[in-house]
Amino acid sequence: MENILNWIIWFPIIGMVAIAFIPRDKENVIKITAAVATGLQFLLTLVLWQNYDAGNGSMQFMVRAEWIPSFNISYILGVDGLSLPMAILTALLCFIGVFVSWNIDKAVKGYFALFLLLDTGIMGVFLSMDFFLFYIFWEVMLLPMYFLIGIWGGPQREYAAIKFFLYTLFGSVLMLVGILGLYFTCGKTFDILELMRVAPEALNGVMWWGMSAIKVIWILLFIGFAIKVPVFPFHTWLPLAHVEAPTAISVLLAGILLKLGVYGILRINYGLMPDGVYWFSGALAALGLINVIWGGLCALAQTDLKKLVAYSSVNHMGYSLIGMAAIVAAGEANGMNLKAAQAGLGGAVFQMFNHGTISAMLFILVGVIYDRAHHRDIEGFGGLAAQMPIYTGITALAFFAGLGLPGFSGFISEAMCFIGAFPVYRGIVIASTIGILLNAAYFLWAFQRIFFGELNEKYTDLPEINRLELFTVVPLLVITLFFGIYPAPYLDIIASTMDEIIHHVVSLATFAGM
Amino acid sequence: MENIFINYSLFILFLPLAAFVIQIFFGKRLPRQGDWVSVGAIIITLILSIAMFVAMLMGKDPNFKQEASFTWLDMGAFSIQLGFLVDNITVIMLLVVALISTCTHIFSLKYLEGDIRYSRYFAYLGLFTFSMNGIVLSNNLISMYMSWELVGVSSYLLIGHWFEKDSAANAAKKAFLTNRVGDIGFFIGIMLIYTAIGSFVFGDIFEGVSTGMISGTTLTLAGVGLFLGAMGKSSQFPLHIWLPDAMEGPTPVSALMHAATMVAAGVYLTIRIFPLLTPDALLIVAYVGGFTALFASTIAITQNDIKKVLAYSTVSQLGYMILAVGTGVYTAAFFHLVTHAMFKANLFYGSGSVIHSMHHALHEKHDHESDPQDMRNMGGFKDKMPITYWSMLVSTLAIAGVPLFSGFLSKDAILAGSLSFAQHHPEHFLLPVFGFGAAAITAFYMFRMMFMTFHGKPQMPELINDIHESPKEMTGPLVLLGTLSIAIWYILPHFNPISTHGSWFTSLVQPVTAVVPGNLTAHSIEEGAHHAHNLAMGISIGVAAFGIGLAFLMYLKKVLSAERWGNRAGFMYDWSLNKYYFDENYDKYLYQPTLRLANKIAWIDWELYDKYFINGFGRVTNWASSVAGKFDYNIIDQILVDGLGRITDNLGNILKKIQTGKLQNYLLYVTAGVIILMIIQSF
Amino acid sequence: MQELNTYLFVAAILFSLGVFGVMTRRNGIAILMGVELILNAANINFVAFSRFGGMNLDGHIFALLVIVLAAAEAAVALAIIINIYNNLNTINVDEASALKE
Amino acid sequence: MTNLQSLSFYYPELILIGVILAAIIYDLTIHQSKSGNVGWVLVAGLIAVAGAIYFQEQRVTTLFTDSIVLDPFASFFKLIVILATIFVSIVSLQSGELKDYRKGEYFTLLGIIVFGLFLMVSTVDLIMVYISIEIVSIMSFVLAGYLKQNTRSNEAGLKYVVYGAFSSGIMLFGLSYIYGLTGSTNYFLIQQAIATMDASANTALFMAMIMVLAGFGYKISSVPFHFWTPDVYEGAPTTITAYLSIAPKAGAFAMMIRFFNQVLADGGAMGGLDASSVASLPWANIMSLLAVITMTLGNVVALQQNNIKRMLAYSSIAHAGYMLLAMPVMSGDSIYAIMIYLVMYLFMNLGAFFVVITVKNKTGGETFDDYKGLGWEMPLIGVVMTIFMVSLTGLPPSAGFVGKFYIFASLIKGGNQFYWLVVVGGINSVISLYYYFRVVKVMFLEGERKDTILQPPTVMACMLLATAIPTVILGIYWTPVADWIQNSLTFFIQTL
């Protein structure tokens, strides 16, 4: 049990090694191996959930080991309410992803090997509590992603792959500078928990180039994370990458990789620079607003279904940002409105999870129709509801979930984000409620154009969604509905950790040296 | 005994949901596509509602109230309680919903017989009933908002039932989006209230308001926000545009949702939140309602589609109710809600049965051009379908406000309320004018409809022989609701046909004083209404008579030519006929601009920002692109498209030229380098 | 001091000439001679410094070693130039410019 | 220490000389077809030398009357050089380019270069500086032009020799002035002289230093003294290119570190202290400037290359720039960073060149087109090349990242004035991604996927793995290396 985190992270690697030794023409064996590896990993995360003590919001199942003593780098793993749901989500989506990519026929061996490597990378980021380790895993994701998009992607795949790579690398280089800055200003340690303790005082009044070090480091790290989220000016890699990537990879991209950004901001920026939170939260909310409106409008204009879903991610992550900004509500300056802070932060974290499941669902469904019609042009369909009712029904549910309909988890998290941020950023929140309308507009309009009207005679023999595909979608749908009707289980996991974060930020912010 | 209300409510709430689930998953496989499941479920619901109703009557307690809540989610400080609130209003509303819903189910058995998505249809009806009851029962804003949206969805699904028709699909989308506009207001209202009071439960909210935790402009805004939601659902001006289009749905659906219950949800909400509405908010409410009432009725005059007439009449009647709430007599509003539910649903069933037989007749004739809903194709059906005729006539008399019929009583109460309000505040004399004007016009167009449909000589004689009375699944509800449109039911236990004073309704549903300081007390409103009662009654009878008479002369006796009057009215006639060009203008000034904006933004995002800014620092220099042309589609090239890359690349291009391959150039460079360094260093 | 300056002056001129020759002559041999000039300019410096600068003998040693190395260098260079001549039938260094950009 | 005493501490070099002589003699006795065996002789000898160095009593002293020193720092670089030489020698036996040449001299010359480098890394005397540079250079000239029949090789040789002679000439001229200004050729005496020198002489000193810098710059191929690099690298036999990109660079860096810390600074950095410059020379700024220009130019021009060998040449220029970044910090950490960077760079860069050799043996091509779809045809090549490219780009987890990490770390620790260098370095590594991954792209994303899988010859495969595996492992766990370098950070110094 004390090594469970190790197992969770490294299990896919074991699978990868195994696959490396399987002759490449035994494709089914390879697929099954991948399925087993990810499946077991998923089970392990469930075990973890079972044994997780929700009442205690701090790190649990910590694993510590010397790594590079000469640089005070160590191998630290841990899980708390913030990372546990993300870990479960990662494992689940990777498991599902294996089946989504069951029909891959090109270089199966390489595909699944890289897929598992990616899995480990993502899981590692969520579970590592050492900043250096965090960075390593963060970068480990890039390479498999590059290949998975670049080799198995769509027509523009090479461009998309390298663009994704460059964007992210640019971000992580800045991040590295920030990390080193923290290392040397905060007593030469990468231990995140240690840093959380030390950094707030250590950074006080430190000036770089006439700016407070807090601001500089915050910006450096924030850009690194913002590119992943993606926050408005750094988002243009996303539609391309999503559109070109194979379905399973789009699922992981939207489902998990985007969460890494938010996770990073909450874990690192919030944890290490409480003052920065106060300094930046307004901007955060504003960026959230821009994401919501910009993404919504862009989605409204798309004719490529996958691009629409991609932009909807930009839009949905905006809610998360707005919710995160709400944390300052708990501060002295804003009347110590703990309710709002909890609502906002909880909403943001919940929204991460929900968007993970919902957008994954959407991408899988897009993949389903693409496999059949071999195009994604919204205008090019029409009347499919009569042809493939089950698919229509599921898509309808997915779309409704996407437009934040009560009864689906998305509604709760969005509502919480709004309610939380409202006391502090009234104007921004009111403006961003237009996003609710935009969501409905682009989803329903797309839905109408694809499924309603007379059946397009080209598609009179379009096959209905098959069992395998159902197997990939339905679990996500169930989760979405379950948490939409009864969110308590999720919020119970995160609640105490959220309190810790809020308390940490609010109590350690000293407004000096800003 | 105490908790039976709550337990019953639980069943009432979840039975339809169960039916919905069963239908969705197994509907197709069940015998008769499982319609009996839904019908059974709804009938049980009806029985339970009646039971509760009776219990309430027995109780005779005007302040009866039961609440039950549970914690839905809890993060420590932030938590949400969901729960039931059962009082007299709730019980009556539940009965109405259950009753109309049952009628609709039964009516639909025949009306949608053989429809391709028969089971789906019943499933959605179940979903609707569930969410409607959700609205009725909830004791807090969150669950109300959730049910609110679910109602919107079920209406989306039912309007779009025949989605092969683009018009239906569009109408469905329009309905949902228009409602969402209202919902945004609703949600902002919720946030304003929660931020101030920290709870979503009505009880806490009213308490908070009375203790002044929220007041003044904020409170007004909150009230208006919530009312915006009501405007969306109850299709008040200017969000009324969706309701007429919603008639694309099957007629029973129109009866259930777009006449009796769903659209009434807005009114219900306004009644629920009445105590926290500030005078300003109330004024806004009143004006919106009053204006809608008049405005919609003027459109109804000229419509020829029988369902469109009813649709606009619905909008106008809802305006009445809103007006009533605005003027403080929200009991009257609720009263009208109930009566209107009965007769308007009935009218829709009637039109449904007419359309049904028209449809069949046309089908016989293989005529697919003529529109079965166009009154200009009807006429003289009176003898062919007597039951339909008589029941519709009763309802028409009711809605026209003729004494002895339910509509008279409720309308009268409303008009009295507005009149007394005007007496209190003479500057708001317009409100009663709206009311009475609308009353006159209503009487006119309703009878116009009746005459055009049932009297006179058939406009399409070749059809008349194929017009038959509808089967009893359809006539049954007609008769039932027709009966319920007679005044007698509402004045019990007394028999004073012109006043509800002392009736079970007024004794059970009594106005409560608004918690907002500065509002008129319930008592003074009551007094005023009572004093204005007789005057109002006189005027309303007068205007009703005038309207009916005009219709009689114009469409039955034909002594006045509708055409000539229409031409005389000139542009007003066109405006009315074209619904004041609202859809056109919204399309022109709202939807299209938004889409254009969206496209522009997307273009900026993709073509401009990405290609030129992110990819394009180097784009500014045109010669860069020629450089890019040198390499074919390889990474460099893509990087070239990629901006920073472009600069770097040009740089590289220049720099690599230095590497001439000529040895002595190199030597020269070295020397130059040394010298330059020396120069630099000596600074 | 006077003598030292004179020597340094001469060395400087020699150096410049060497650089000039290396830059301008196209003939490989000539370029090598330019290099030799440079080296010898340095040598003159060393010797002059150690003789007139009132310093130890390192300068002389240095100069001697430089001469040796210069010889070795020249030998190798000539070998390579001969090789070039065998392949390209020219010792014009501009001809040898296949490797570029 | 007197010369005779010194010999007892000099036996690794003596063994080396013995090995070289043995190689020459052995080469005389055998037929051309067998001349490859000389390589094995050299390898065996070098292993012996390495052993000698490793087990040599760790003594910190000067030898031969203060002309060279013996200290762990030198030993470290000697081992690096030997490692590189062994790798290259073994691969040279496989190289197709050298097939029809007699290899005896080739290996002998390699051995002599090693000897020159030994001097280079341990010199504390201007004379020895010049001699060592010349020994290494002259042998390199020959090796660069080793392919007699190949005009490109000849041209490379010619350019190299003229360029080398010229810039070492300039350096020599500079040295002569330093000697004149300070009256000595010994680092320590020069240092004292400079410390006590009056400011009027500074300008002259500047000039002299710049001229010396020309010599160093030419060895580590830093802008603006790098012009020979691309051409020579492209023309020379690939094995030699690989060798030039590692060993002489390492030696030159060792020499520079000593020179700048011991002559221009008080050597405190080498004592692990914060160093301070003895003369008011702004050479730190000059260094930063050179570093930035060097890596930027290397990267942006590498973008333009279609010949992978040439691209690697520019990339090696860029890497020289990265290492130079740490020079101006003038602290123990910066030296440490340069050393660790060299170790990492050794594996990844050699590996990359080995891949080029393998591919050239197979297809005879060096351009990107020759690499189309290679990843599918020769998976091993594809994978290891990807590893090297990732590492050269500096992505974790790979040796390259660790190297960059330490360089950046030393800069950040160095203080505010160096942050901009870190940012520039970071941006540069992003740029470098373009061309490194262009290789990966053509290997995997382009060309048709073949069903027949080719394996490189066994020895080659072993060498590839021998470079690839450390590239990965050191990226994940480099504590042994770190400790080794930590222990090697002892210098012979005389602080004022």
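Labels A, B, C and D are assigned to the chains in the order they are written; within every chain, residues are numbered from 1.
The rule is simple: contacts are C-beta pairs under 8 Å (C-beta built on N, C-alpha and C of every residue); 3 or more make two chains touch, one makes a residue touch a chain.
The structure presented is a predicted model; accordingly, all values stated were derived computationally and were not measured.
Annotation: A-B is the more contact-rich of the chain pairs A-B and A-D, by number of C-beta pairs in contact. Between the CA-based centres of subunit A and subunit B the separation comes to 37 Å, rounded to the whole angstrom. Centre-to-centre separation between subunit A and subunit D, using Cα means, comes to 44 Å.
Separating the centre of subunit C from that of subunit D, both taken as means of CA atoms, is a distance of 26 Å.
Separating the centre of subunit B from that of subunit D, both taken as means of CA atoms, is a distance of 78 Å. In subunit D, the residues that reach two or more other chains under the touch definition are 158-159, 162, 166, 170, 230-231, 304, 434, 437, 441.
Those residues of subunit B in touch with two or more other chains are numbered 635, 639, 645, 656, 659, 661, 663, 667, 671.
Across the assembly, subunit C contributes 22, 31, 93, 96-101 as residues in contact with two or more other chains.
Contacting chain pairs in the structure are A-B, A-D, B-C, B-D, C-D.
Touching subunit D in their complex are the following residues of subunit C: 8, 11, 15, 18, 22, 28, 31-32, 35, 38-39, 41-43, 45-46, 49-50, 53-56, 58-59, 61-62, 65-66, 69, 72-73, 76-77, 79-81, 83-84, 86-88, 93, 96-101.
For subunit A in complex with subunit B, the residues that touch the partner chain are 158-159, 162-163, 166, 236, 239, 294, 297-298, 300-302, 338-340, 342-343, 346, 383, 385-386, 393, 400, 405-407, 411-412, 415-416, 418-420, 422-423, 429-430, 433-434, 436-437, 440-441, 444-445, 448, 451-455, 486-488, 491-492, 494-496, 498-499.
If you check the complex, the residues on subunit C that touch subunit B are 19, 22-24, 26, 31, 93-94, 96-101. Subunit D meets subunit B in the complex at residues 158-159, 162-163, 166-167, 170, 203, 206-207, 210-211, 213-214, 218, 223-225, 227-228, 230-231, 282-283, 286, 289, 297, 299-304, 368, 431, 434-435, 437-438, 441-442.
Within the complex, the subunit A residues that touch subunit D are 67-71, 106-107, 135-136, 139-140, 142-143, 146-147, 150-151, 157-158, 161-162, 165-166, 169-170, 173-174, 176-177, 180-181, 183-184, 208-209.
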